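Per-chain residue numbering starts at 1, and chain names A, B, C and D are given in the order in which the chains are listed.
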Amino acid sequence: MSDYTSKIKEISERLLKEEKVEIIIGFRKGTVPMMNEPCFVKTPEDVKELVWDSNCGINLANYLTGRKEKIAIIAKGCDSRNIVTHIIENKIKREQLLIIGVPCKGMIDKNKITSMFENEIMEVSEDKENITVKGEGFEKTLNKNDVLQENCKICVHRNPVIYDELAADLIDEQKVDRYEDVRKIEAMSPEEKWSYFDDLLSPCIRCYACRNACPLCYCPTCFVDESMPQWVGKSIDPVDTRTFHLLRAYHCAGRCTDCGACERACPMGIKVRLFTKKLEKDCLELYGWQAGLSLNERPPLDTYRPDDPEDFIK
Amino acid sequence: MKDWKPRIVGFLCNWCSYGAADLAGVSRMQYPPNVRVIRIPCSGRMSPKFILAAFMKGADGIWVSGCHPGDCHYMEGNYYARRKFALFKNLIEYMGIEPGRLHFSWISSAESTKFARVINEVTSAVKALGPRKHGIKTMPDELVKSKISMAK
Amino acid sequence: MRFITIDKNSWANGLENLYGNYRLFGPVKNNNQHFFKELAKGELPDFNYLNTRLSPKSLVFPQTEIMFEFSLDENDEQHHILKEINKDYSPRALIGIRPCDAASFMLVKRNFDTPEYKDNYWLHAYESTIFAGLACDNPCNTCFCTSAGCGPFHEDGLDLLLVDEGDKFIVKILTPKGDNFINSAGWETEADPTASEKIIAEMQIKAEEKIASSVSTDKLKNKSTIKLYDGTFWDDIAFACINCGTCTYVCPTCWCFDIQDEVTRNSGIRIRNWDSCMYPLFTLHGTGYNPRNTKMQRVRQRFMHKLKYYVDKYGDGIQCVGCGRCIRLCPVNIDIRKVCDIMNNYEG
Amino acid sequence: MQNPYLPYPVRIDEIITETEDKNLKTFKLVFINPEDEKKFSYMPGQFAELSVAGKGEIPIGIASSPTEKGFIKFTVNKVGLVTTCLHSMKPGDIIGVRGPLGCHPWDTLKGKSVVIIGGGFAFTTLRSSIVYMLDPLNRKNFKDIHVIYGARSPGMLLYRNELAAWETRDDIKMHITVDGTDDPEWKYNVGFVPTITEQKAPSGDSDTFALICGPPIMIKFTQPVLDKLGHAHDHIIMSLEMRMKCGIGICGRCNIGKEYVCKDGPLFTLAELNNMPKEY
């Protein structure tokens, strides 16, 4: 990954020196293992802070909303798709952006790795295909592909879809079945589904990390904060919690790129992607749509075809 | 359970299905009385929040009806609505609401017969499912416990 | 000071004896994470843990708590009048709470138990609780309790301290409440105070040595509040923040709450829910004006409150026990240790 | 142990629409349990939480004076969920009142001259203060009393009958103003509050305190005028607003620095505010 980092630094330094942009949005080294912190860099001297490795799972498109200056942003496949969505939804202008594309081999799942060890992990390093985990009295090397975030495992757009610079050569895309888990739930009876999601959501503390980590969630007033009328209660009542998750997901219908930011951000480890993935699957099956691939197509809920499927309507 | 009467909320478009309801009434058609009608300006105005709010407050079934594709008073409101409905219906059924709870239809203001037929279908589908078992907001356990302990 | 030892073979038996007299709460593993949970009869707390994912604050200060109930039915003689509800404040015991979490209740108590106003809900729950601490000998890499006025064997806020010594616990009984608890369990193997104290002191030194990270707080008290508030470092700190409430919800010392009314048909409740200074709605005026409108202002509020306003108000502390949860669970790696050091060393 | 979150039940006795836009109504409330009135012992400048079952609570300044017995009054602007509901209520309806809350300035003001400067609907607690000071038993405790009160138009002035009555007295100097009017009958000032303050307010001295309550923009432009008139910053008392919930300094949202506006305020001297973060 160090070659990615040095290439990113090199491009960033050049862009700042040539005054092509005022700010670079990227990552700096985190203070704990398997975490990096989104950051901004405004001078060529500070470019040294930037890093790239398998802990850059945050979707940086989240930091673009409403910015006014000329920006260079580092973008994995999913980030680039959300940048496209942001441009389509007028949250940022294409002309403002210089996109430094990063062909992405997936981000590692911190929760999964943490749960593999009883003792505290003190240090994690990586080397091409391998992740080495060290802690008090243990050291273990893992295959990176075994510990990827769930969304990265099934990612079919690892290369950025839109970019001005590239931090590395493009890579082969995967051919995978994206919806095995969704189909499993679809096959359940209503009763089973209900209790499945009750269990899934029972740890939720309504902190809204899933919502806030999502680059799609930029409404000035979220529906959970509306008071006249109040659509959803603010307690941890299971009915309210479920309604929150349902509406949050539905609000991302046809826009979600499955970047995994929501799931990664959840402090309770809830698989919140199970909601958005269902919508993603339906958008693909009903409307042939994948979010964030093109600047020239309107998202599925912003358009229609006269012959859209309607067998569910009497 | 025999005496149980379902509570169904019907969201009807002002320009078509609402008129059909009127016509069905004027024509003295017989249909079940379990639907509470809320008039909406267009099926395109229908927000998923309305459906969730009705379900949270205890509706046993929900029925949304608008103009036939191509006949929207606002040209294309129902086309957009159709996509929203498809995704929404799939999502709430995926989360465990039974398929017979949420219904959609296209009924023009002249189709009083269809109106009566659909309201029959909706009502019998909801009746067949019985009362909702989940997802109705009730008073929290703590309050229930408090009442029990006060009664002791 | 009284010391006893509990043979681990008689641990379950003692808890069984306590069961009728106390509601027992302890760490339980669920989905690879530990949480404090009420123990069913026969259920044992799982002490094989670093720290619980969430702090046990919710056992005294629930995330959602009913304050009052009322009827909106005009046929009801007392309609629209708020009434108190009957609450369960029977004795409860938090078994295996870490010293940092126990210390947090002492900080929070300053907020809920003031000379002018007493928050009955918090105080009643707090007073009905026994804090049976578990000394910490396996800290996380994010722990910095020793520099946050606390420590792995810290006793403030505890009624008794359990120290794990292989096949037995050494128990240091710290309060009469703790004494009653031990007696009720029927554990009675007295231990020699001097010898026990010595063993514990040795273990404590070892445990403290393991705590690798720290914060510097010495200069915070004398720093100018206005200068820190106007500090130039806030934009950099706040950039990554996504304004979720995770840090505040997992924090044992965050106490802010919101009050809401909820109505079902003709009856309603007034409840309070945890709230967070990270949310814009927290300070939004009715007019639409918001004194903390930007993300940076909200992030600044959180750190200034913990590390400066609290110090200004009470003349000591920081409002933090160094449990490290906010560092572990922040989705974007904002680290209070870093912020604290920046503030402590800021010369603006 | 008294539960500080439990409101006293009160009955709405009378509702008066105060302004021509009908957005301000005064609610005269009577305690359902007479003993609660004794417990609710307040001073002008304090506020209370009005509680509407099913909607919530809002902090509102007390508009009546403790010298007026048998009722309390609140003038409420229609803004959000609770106030909209209050505006739709009728006499006889039951609500709740929790308080009194916040601090008051009367230990400081005793024996002094007082300059009251108010704008818009923030005049409520100032009305309370004026009624309190003009009470025959209290008037001797104060020297000169000046009142500068402005609203957008004559129809937007609160308590118009009382203003007219105070105008005719010689133990209080009234300077009523409106931003503008085409009413030929209008016989008072026309101009913004800062301008009228500059023209009419007495200069500052150690025996004079200014009491300001109004919208932020008015405060912003009045403050330099008071500086010019020689009012010392520790003799200017301002009332702040914040979103509040508990009202007793516990729920955590209304702080400015270490001070909670609900409990340590809402009144602060300008000298105090100068040493607090500008986050209000």
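Going forward, a residue touches a chain if its C-beta (ideal position, glycine included) is under 8 Å from a C-beta of that chain, and two chains touch if they have at least 3 such contacts.
The structure presented is a predicted model; accordingly, all values stated were derived computationally and were not measured.
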Longest centre-to-centre distance from subunit B, chain (CA-based): D
Between A-C and B-C, the pair joined by more C-beta contacts: A-C
Distance from the mean Cα position of subunit C to that of subunit B, given in whole angstrom: 46
Distance between the centres, which are taken as Cα means, of subunit C and subunit A, whole angstrom: 31
Rounded Å distance between subunit A and subunit B, as computed from the means of their C-alpha atoms: 35
Whole-Å separation of chain centres (CA-atom averages), subunit B against subunit D: 49
Residues of subunit D whose C-beta touches two or more other chains: 80
Sites on subunit A at which at least two other chains make contact: 233, 235, 237
Residues of subunit C engaged with two or more neighbouring chains: 64, 258, 260, 271
Contact pairs between chains, per stated definition: A-B, A-C, A-D, B-C, C-D
Touch list for subunit C against partner subunit A, complex: 30-33, 48, 50, 53-54, 63-64, 138-142, 236, 239-240, 242-246, 249-250, 258, 260, 262, 271, 273, 276, 279, 281, 327-329, 331-335, 337-338
Residue ranges of subunit C touching subunit D (in the complex, touch as defined): 67-68, 70, 72, 79-82, 84, 111-112, 114, 116-120, 123, 225-226, 229, 255-261, 263, 268, 270, 272, 275, 277, 282-287, 289, 291-292, 297, 301, 304-305, 309-310, 312-313
Subunit C contact footprint on subunit D (complex, rising order): 1, 3-7, 9, 32, 51, 53-58, 79-80, 83, 93-96, 216, 241-243, 245-246, 248-255, 257-258, 263, 275-277, 279-280
Contacting residues of subunit D [partner subunit A, same complex]: 80-81, 84
Subunit A to subunit C touching residues, read off their complex: 30-33, 35-40, 58, 62-63, 111, 114-115, 118-122, 203, 205-209, 211-213, 225, 233-237, 261, 264-265, 267-269
